[in-house]
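In what follows, structures are represented as structure tokens.
Here chain A shows up in two complexes: once beside chain B, once beside chain C.
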Partner chain A sequence: MIYKVISKPEFRAFIEALVTANTSYGPRQVDTDSHGEPIYQFMPVSSADDIAFDYTVTTSSAKHLLMPFRDELSRFSFSDGDWKQQVDYETPPIVLIGLRPCDISAINILDEVMLKGAYPSPYYLARRKNTFIIGMDHLPLPDCFCKSMNRHTVNHGFSLFCSDIGNRYYLSINSAKAFSCLKEFCLTDPSYEDNCLLIERRKHIKQSFETNIEVSGLPVFLDVEFDSPIWQKWGDKCLSCGSCAMVCPTCYCYSVEERFDLDLRGSTRESHLYSCNLVDFAQVAGGHNFRPRNGDRLKYRYYHHYRGFSANDNQQICVGCNRCGRTCLADINPKDVINDLRLEGESCVTCVSPSPAKA
Partner chain B sequence: MNHLGFKLDSIKIGSFDFTCCEGCQLQLANRESSLPDFLALLDIRNFREISSERHDDYDIALVEGSITRSDEIRRLKTIRQKAKVLVAYGSCACFGGVNSRKNPIPQEELIREVYGDKHIETMPSMRIADFVQVDYSIPGCPVSKKEVEQIVVGLVTRSLVSLPRFPVCVECKQRLNTCLFDLGEICLGPVTRAGCDAVCPSGKTPCLGCRGPADDINFPAFSQLVHEQGLSTEEMREKLAFYNGFTDYHDHEG
Partner chain C sequence: MRDMRFTIPGQSLNREPFIDRIPDFQKKCEVMITDRGYKCKITNIVPLTSQEKLFLLRIVDPMERELFSFRPGQFLMLEVPGYGEAPISISSSSSNQEFVELCIRKAGLVTSAMFEARQGAMVSIRGPFGTSFPMEAMRGQNVLMVAGGLGIAPMRAPLFWIGNHRDWYKDVRLLYGAKEPSQLLFNYQFEEWKKVSNVNLMTIVEHPDDSWKGRSGMITALFDEFSIDPDNTFAIVCGPPVMFKFVCNHLDHIGIPMNRMFVSLERRMHCGMGKCCRCMVGSTFTCLDGPVFDYWSVMNLKEAI
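Our next item is the complex of A and B:
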């Protein structure tokens, strides 16, 4: 890692040069909600003016830029009673600007899942290798809980990370490409004062969290509470609409669909990002559904996020961005569900029967 | 047509309209870029919007519109007898459609309002499935031509034909739309069957449920949500009644 400092106008000039020359995505205001608050999304940008550098949070994560909601995995062409498969991994390079530490952590988690397993995804790899990520720190929103998940800082997975130290950015340069891009611009080595400002900034961010969730020991706790009635209680609220998984930066489950072309001379195989809350997520041939109840479906989403599945080394995959909580129309959010579960579990302690005496 | 060494026949199709605007049938002739390939899959035997030729031998009958007269019942039953597969096509055929808005109003009042003193026979708007067995339903106002293409390909190749079972929200979120509830609107997306690619919310128009309910919707939770947004039970019923797709939930207290 190389550390440099850049003035905000110079940084803007750097971004301008970058987005003019590359397919780029950054936070843009797309709407104003009914309370007058701006709504942001990661959208294509073609000029630094398009980017809302002081944005709060995007409604949806940047996940779909690495794992598209619908992705063509292969094409088949039929001729002379035979067929040929074509697979195209090639993908144009993209620049992602303004990702938060939790968003970059989420991509690092996706890397683990999509690349470190027994069957690495060449589709994901192609996109990931061709993605230039510029991170930016921010003061947490009242409902951000990434500190609880220890995802409020990130030290890898980006090309460049910018910490806001007033009228300058403190840059952490993490790739040769980023360094050579920045060479054309006026950078200075961090002074003693800059270093102090960075430490001050980090401390300020760390102290600004208003939402904390106790996640220590949560995996075991979840195992113990597998049959807890709270799952159906929250399931009864769940609309099974899948919005949480769509906006989530780490929900990676997908279905695969094959479709004939209309001229019947070929077909395509596509992956579609899916959600374990959807009614037919666990439905198999013959119409059998392993999780017909919304409480069970909601439970498994929480298990995947806070207990971890063996497919991702039993790691928690939630980064604490609370996008799911904000988007949920039924007001279901990780903080309330986990606190409810803990309360339920801890109130149980009083009625636990004593251990059998040693014979 | 030959497909991987199998001979496939184009499907003999008849398209029939009852009480409706015929907009769904017109969708069959839409999407010009794929129209030649689409028509190559079909052997059109009876379809007044496309051809003046009329034949009575069809395997698949697409039935559009709702039933509002006794002669329509007789005609529908004849079609059912001739067709091997009957498809309820569009929201009117599937649910009674927007025509059902007249159902709660007294008949005489309706006739007087629209036709004055002229004598007209009419009855409440009914679904196709109220009178004959329906093999497949393709809901939508209008139907999505893309979905129709996929279903026709499925029928020709005898592969699985299905509709999405989840609600519109999935497709809406995939289009990065701003949730209309965040803009202070009431949208039926959370309870309506997907497959439309969230076309209305993408144009900032709240979903009115033209595709009917998704599978196993959580109606009590949805009622609570819309009540919290300030909608009375009566106003919610009015919204749900627009295409008549939610009759199963009409008397639900929420």
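Our next item is the complex of A and C:
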């Protein structure tokens, strides 16, 4: 890692050069919501003017640029009662601009899930290797809780990370490619003053969090509270629409489906990103559903995110961006569910064994 | 101006699977790319009942045929091009390199498409995936096999194995239950298993018809008819989810240690490679850590049965 400082106009020129030469995605304002607040999404950009550098948060994460909602896994072409299968992992290189630390952390988690184990995913590997990531820090929104998940800073997984220090950016350069691209531009070594400004900035971000969730010891809580009535309570609210999984930066569960071409001369096998809240997620042939109730499926999602599965070394995969909470139609957000669960657990402990002082 | 184009040649990522060596499926760290299937020809179709058929598949490429090896209890992903993939347990002998036998019940899209297929049709298989029954660990012990309904399909592979290594095992017993006499699968092989493999076979049906002369009732009723030596017996249980609970509780009651009871779980896998999470039970994958689990691990999993 090399640290440099760049002025904002010079950085803009760098982005301009990068964007013109590559397929790039960055935050763009696509609409305004009912309160007149802008809505941002990661969209293709063709010049630095398209990018909203001071955006708050995008509605969807950048996940779908590495794991598309529909991804072709293989192709079959039919002829004379026989078929041929083609598997193609090749992808064009892309540049992602303006990812937040939580988004980059999410990509690091996806790396671990998709590239570890007995069967690393070649589709993901090809995309990941061909992706150039420029991260930018930001002041948290009132409902962000990435600090609770310890994902408000990120140390790896990006090519270049920019911290805003007034009229300049403090750059953390993490790849040789990024460094050689930046050589053309006017960089200075960080002065003592710049270092102080960076530390101030970090401190300021850390102190700006308004939402905190106590997640320590949560895996045990979840195991103990498996049959807790709160899952039914929140399950009754849940509409099983799957929006949370679509916007989540780490939800990676998918289904594999196949469809014929219109001319019936071939077919494609595709992976579709899926949501564990959809009703047929755990259904097997013959119609038996292992998680038939809304509450079961909601619980499963919380287990995956806050307890973690063995494929991911039992790590928590939530990064605390609260996209699911913002997008939920039934107003379910992780903060409330976890606090509810914890309340349930802790009140139970106090009523079983009263403290000696009370007795 | 410096060249700002950011490139990594994508071609270098395109790798051919299984080019010149036999993949080691027991080794966890092995990098395997299994998106390309083995092309198979349906060489024979044996109708078993109105809902189940036995398909004999032969891998077309002779080299791939040699590479495909599996252990009893593993499953494969059967692909009918254009329709999709379904996980199917292998029910042929693991020593049979020529044919792969799959016992399939008509249940969903892929299996219905398979039922329409005729001899000579080309399908594709990926795999094998998953864990297997510990046939070596059972050496010198009694083996008790309990199958219910379609559970006989994954049970055939260990049965063939035992037939090939009969001197390894002491007393081998197969309990097989079905709803109706007509739903007893592979009844043409019963005599072969009894005489050639020296397996003590007991069958029972839940709803007997007039022609049925054997036992009737639930499968657990069979346990009253013989005695089990709990210290020297391994149990293998395959069947519908509701059967596991009763049978395993009964075996536990008799005193067979839970880590010597093996069950084969059923889930709808989509990738077979521990990525898609569709087969997740508790926090383990059925496709990587299963489908064969010992009952002790299953007991600790939530929502398993």
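Convention: the second predicted complex is superposed on the first by the 351 of 359 C-alpha atoms of A that agree within 3 Å, B and C clash if a C-alpha of one lies under 4 Å from a C-alpha of the other, contacts with A are read in each partner's own complex, and residues count from 1 in each chain.
What we mean here is this: a contact is a pair of C-beta atoms (placed from the backbone, for glycine too) under 8 Å apart; a residue touches a chain by one contact, two chains touch by 3 or more.
What you are looking at is a predicted structure, and each value in this text was computed from that prediction instead of being measured.
Based on the superposed arrangement, let me know which partner A:Tyr252 touches: chain B (first), chain C (second), both, or neither?
second
Touching A:Phe260, do we find chain B (first), chain C (second), both, or neither?
Once the two structures are laid over each other on A, A:Phe260 reaches both partners.
Quick check for you: in the superposed arrangement, does A:Leu239 touch first (chain B), second (chain C), both or neither?
In the superposition, A:Leu239 touches chain B alone.
Pick one for A:Gly81: touches chain B only (first), chain C only (second), both, or neither.
both
Touch test for A:Gln41: chain B only (first), chain C only (second), both, or neither?
first
By residue count, which of the two partners contacts chain A more extensively, chain B or chain C?
Touching more of chain A: C.
Using the superposition on A, tell me which residues of chain A are in contact with chain B and, in the other complex, with chain C.
Touching chain B and chain C on chain A: residues 78, 81-83, 259-260.
Which bits of chain B are touching chain A when the two form their complex?
Its residues touching chain A are 1, 3-5, 8, 34, 37-38, 40-41, 149-150, 153, 156-157, 159, 165-167, 169-170, 173-174, 176, 178-179, 181-184, 189-191, 214-218, 220-222, 225.
Within their complex, state which residues of chain A touch chain C.
Within the complex, chain A touches chain C at residues 17-18, 20-22, 73-74, 76, 78, 81-83, 85, 87-93, 95, 113-114, 117-122, 125-126, 129-130, 132, 177, 180-181, 183-184, 226, 252-260, 267, 269, 271, 274, 276, 281-286, 288, 290-291, 296, 300, 303-304, 307-311, 314.
Which of the residues in chain A end up touching chain B in this complex?
So the residues of chain A touching chain B come out as 30-31, 33-34, 39, 41, 43, 59-60, 64, 69-70, 78, 81-83, 236-243, 246-247, 259-264, 273, 275, 278-280, 292, 294, 327, 329-330.
What part of chain C is in contact with chain A in the complex they form?
These residues of chain C touch chain A: 1-8, 10-11, 13-15, 28-37, 39, 79, 81-86, 105, 107-108, 111, 120-122, 124, 241, 266-268, 270-271, 273-278, 280-281, 283-285, 288-289, 302-303.
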